[in-house]
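Two complexes come next, and they have one chain in common, chain A, joined by chain B in the first and chain C in the second.
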Partner chain A sequence: MAEDMEQPFEKSSMSNEEKRKINREQRVQMIAFAVMIGLTLLAFIAAGSDMLPGTFTIPFILLLAVVQLFLQLYYFMHLKDKDHGWPNSFMISGLVLTAPTIVALMLLIGIVKF
Partner chain B sequence: MVSEATNTRQKSVLWDWLTTVDHKKIAILYLIAGTLFFLKAGAMAVMMRVQLIAPEMEFISGQTFNEFITMHGTIMLFLAVTPILFAFMNFVVPLQIGARDVAFPFVNALGFWLFFFGGVLLSLSWFFGGAPDAGWTSYVPLASREFGGIGIDFYVLGLQVSGLGTLVSGINFIVTIINMRAPGMTMMRIPLFCWTTLVTSILIVFAFTPLAAGLALLMLDRIFDGQFFIPGEGGNVVIWQHIFWIFGHPEVYILVLPAFGMISEVIPAFSKKRLFGYTAMVFATLIIGFLGFMVWVHHMFTVGIGPIANSVFAIATMVIGVPTGIKIFNWLFTMWGGKLTFNTAMLFAASFVPTFVLGGVTGVMLAMAPVDHLYHDTYFVVAHFHYIIVGGIVLGIFAALFYWYPKMFGHKLNETLGKIMFWLFYIGFHLTFFVQHILGLIGMPRRVYTYLEEQGMDTMNFISSIGAFIMAAAVVILIINIIYSALKAERITVDDPWDARTLEWATHTPVPEYNFAQTPQVRSLDPLFYEKIHGNGKMKPAEPMDEIHMPNGSFIPFMMSLGLFIVGFGFISFHLDLFISPYIWIAVGGIITFGSMAMRSIKDDHGYHIPKETVEEMEKELS
Partner chain C sequence: MANSADLSKGLPANPEKATLDGKNKFLGAWVFLAGETTMFAVFFGTYLGLQSGTAGGPEPSEIFQLPLVFIMTMLLLTSSLTSVMAIYAMKKNQFQKLKRWMWITVALGAVFLGFEIYEFVEYVEHGLGFTTSAFASSFYALVGLHGAHVLFGLLWATLLLVRNRNAGITLTNAPKFYVFSLYWHFIDVVWVFIFSAVYLMGIGG
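Take a look at the complex of A and B:
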């Protein structure tokens, strides 16, 4: 047994169906990647341009960040795929636990300084 | 003997234990190491109670008292109770879910050795200018580089190393419980102890990370001239308190949830009834885990954060009482109408319930922010958390010890000695801590090394100290019991000496290293009990008898942890005048750790197989 594992495989054991799926997945990843680059560019432009007021830029790039986060988690890190219930629930509980903590700390330390 | 044919038996005993990745052996390592730390911290407690037995005693100095009180708290929480809980989690969880081992046996061993070396690093402080003395909370500015002694460096790095061990073990348990369950063992069929282990492990992952970050900041401040917590240089001392308690309150639930789980195993077994309200128990556990993160400011009511924040956190704190109450009632209803057997394990488990309620009641009292200004930093708080920790967690641990001992060591603990110990411990506990409520209310501050006459504190402190001595006597009797039973007790040969309900009792005693020759098929909650009623009392196999794939032992976890220990010592030695430069320590330790990691990555290790014939022979020999 143990010896077999060191042997390289000669040909792929994937079926055609699986290969097609992988290809589709690759395309989706490329598109997501392109969209993310586009979003990053948008953020840079918004921050760099003199025409946009700060009151617009800050919420705008924060919104872009949320979209990015979603894309990263769901498309790059496969949370959207099936059989990802556990990773999903851990990711969500992590967000649910940290978000109020960070908000509370910002309110407390940022305003009353302790 | 046939059983000698398998891999680990061919090694010398010492080498076997140093390299083991078997969850049952790691459990025993955790149990022994945790017990040693428990005895050490307990001895400190007794000496502190001697110092406080009468006003203006001069048994130990104020400085020593501060060091004892810090080390007592730190060791008890991080190096005694946590590892002892891990011991039971390690031993029991894989058996209860019908697995052959945890998901990552190597990481399991790594977790143990990291904890162990972290503990040794912390303890080394005694030999290098004194132990940490700023309390287990290590608040800045008391613990800053300006005011804190060298001991704090040992606190920071020792906890950093051992915390890493706790963190990786937590991850390991999460993956084990999610991925390694036997066929038919759905999430809503795993025993409650597995559920509480799962939630505890999740809390560990979310809570030990802020602790690691906080300790890293404190290290930067103290050793590398950082200024995170130095107000004069733009820092903020209160941030430490926030970070510490964002970790600290979940930590107390990390400790108490496994104890809840143990109680939920022992009470049904000796009530001869299934656990009342299993589903409610599971959801209560989840809710407690969640709310545990939303209440940290109740430790900081007196900081001056303001009425709105205080009210929000006060209410959040009181809300935790609700799921906790659900649990209490479920245990009571489990016992209600059951066929109760009051042996030692059950005595500990049953008495857990009322003492824990007392601790919860004082908890809700403390949660009322306005009155907390009176209670805060008095002995009332000390009484509160000792009712929870000793009256809750330690009683739970003793119940678990007496309950699982036959499976772990092949013989029961002596019942007579056990009952004597129970009563001594229980009476001693209430004597020690009940009067501390009143001491707190009449104004005795915590963490002081002496007090004056004629303030009405003499008698109660005397009673409290006597109680502590009685508790110490109980622990001595436990040790006598362990030795006596190891020599004299009758060996257990049956699988299921308590006539219990869950899967761990379907394995042979002693448990063979592969746990289950054939993975069992689970058909219900309390699977063994189900088979006793609806089957022939044996678990049905889910797979044919075949050869069994086992992981190889490894010395790498030991070396990786040793390396980090040396690195940690190197960081501390920036403040020590040693003849070896700190950079050399750090370099040597770093090379050991990263070298071991590289070795682990480069060298393939596919484990070994126990052939089918050996498994069959071992099974015959054991049954």
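Take a look at the complex of A and C:
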């Protein structure tokens, strides 16, 4: 078995059905990428324009970032696929800890101290 | 090691998870990334708390340049896509394509890192040293930590590519390439938050 692990394969075991599926998936990834580029452009335009007030820009940019986070995690990193139960629970735990950490630090060293 | 896949038909459709070894690497990578999430959260929180403490030194809106950040964002975002392409090539047993996409990923990452070094040198010339102000220290710590992750990823990918240059796609190296691509996407996600919370909010907020 050990030498099997080091052996390359002459062909893929994928059936035509599986190949069609994977090509379709690849197209979906391209669409996800196009959406990400679009979101990035929107964020830069919102920040660069002088007409928009900061009270609108900041929540808007953060919302776009969160959407991009989910696109990366669920499409590029395949969290939406099956057999990702544990990765999902790890990542969700990490993100749940993130929000109070950032808020607490901003309050403690940003507002209380200054 | 127990193989759940039938190897006589060729490379399994999900070579990264065909062995117990691969499954363990996959799970371990996710535990690591979840831990990284909280580590970056601490650096983000510190930066957002201290960003107004400029101590008479340069302020965020004075030094940040939107065009440079935009180019860097596009580079890293595209390199995330090319590593997705590399993994699809791997699943289809196309070794040459896997190598080509991986090298493109490395090249884009290297250009990104070059821009970041240029950016830091520029800021230092504008009088923003690491110890100039609380803003400076927390900015360099956060963005520098991300840059260090990019550098680590570049060395990792280069080592993988050099070691496996003639190996073909095997059940040993498939999980390694897959885990690298997860790491690389994660680094891209962190950058999305850096350009939003640090640069764009520093300029437009």
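In this text, the second predicted complex is superposed on the first by the 105 of 114 C-alpha atoms of A that agree within 3 Å, B and C clash if a C-alpha of one lies under 4 Å from a C-alpha of the other, contacts with A are read in each partner's own complex, and residues count from 1 in each chain.
Criterion: contacts are C-beta pairs under 8 Å (C-beta built on N, C-alpha and C of every residue); 3 or more make two chains touch, one makes a residue touch a chain.
Remember, it's a predicted structure, so these values are computed and weren't measured experimentally.
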{"item": "Which of chain B and chain C A:Leu95 touches, first, second, both or neither", "value": "second"}
{"item": "First, second, both or neither for A:Ile31, with chain B first and chain C second", "value": "neither"}
{"item": "If touched residues of chain A are counted for chain B and for chain C, the larger one", "value": "C"}
{"item": "Touched partner set for A:Ala47, first chain B, second chain C, both or neither", "value": "second"}
{"item": "Partner chain in contact with A:Leu108 - chain B first, chain C second, else both or neither", "value": "both"}
{"item": "Chain B and chain C footprints on chain A, overlapping residues", "value": "1-2, 5-6, 86, 90, 93-94, 97-98, 101, 104-105, 107-109, 114"}
{"item": "Chain A residues touching chain C - in the complex, by the definition given at the top", "value": "1-2, 4-14, 18-19, 22, 25-26, 29-30, 33, 36-37, 40, 43-44, 46-49, 52, 54, 57-58, 61-62, 64-65, 68-69, 72-73, 76-77, 83, 86-87, 90-91, 93-95, 97-98, 101-111, 114"}
{"item": "Residues of chain C defined as touching chain A within the complex", "value": "1, 3, 5-7, 9-13, 17, 19, 21, 26-27, 30-31, 33-38, 40-42, 44-46, 48-53, 66, 70, 73-74, 77, 80-81, 84-85, 88, 91-93, 95, 167-172, 182, 185-186, 188-189, 192-193, 195-197, 199-201, 203-205"}
{"item": "Residue ranges of chain B in contact with chain A within the complex", "value": "178, 202, 206, 236, 238-239, 242, 246, 290, 293-294, 297, 303-306, 309, 549, 604, 606-609"}
{"item": "Touch list for chain A against partner chain B, complex", "value": "1-2, 5-6, 86, 90, 93-94, 96-98, 100-101, 104-105, 107-109, 112-114"}
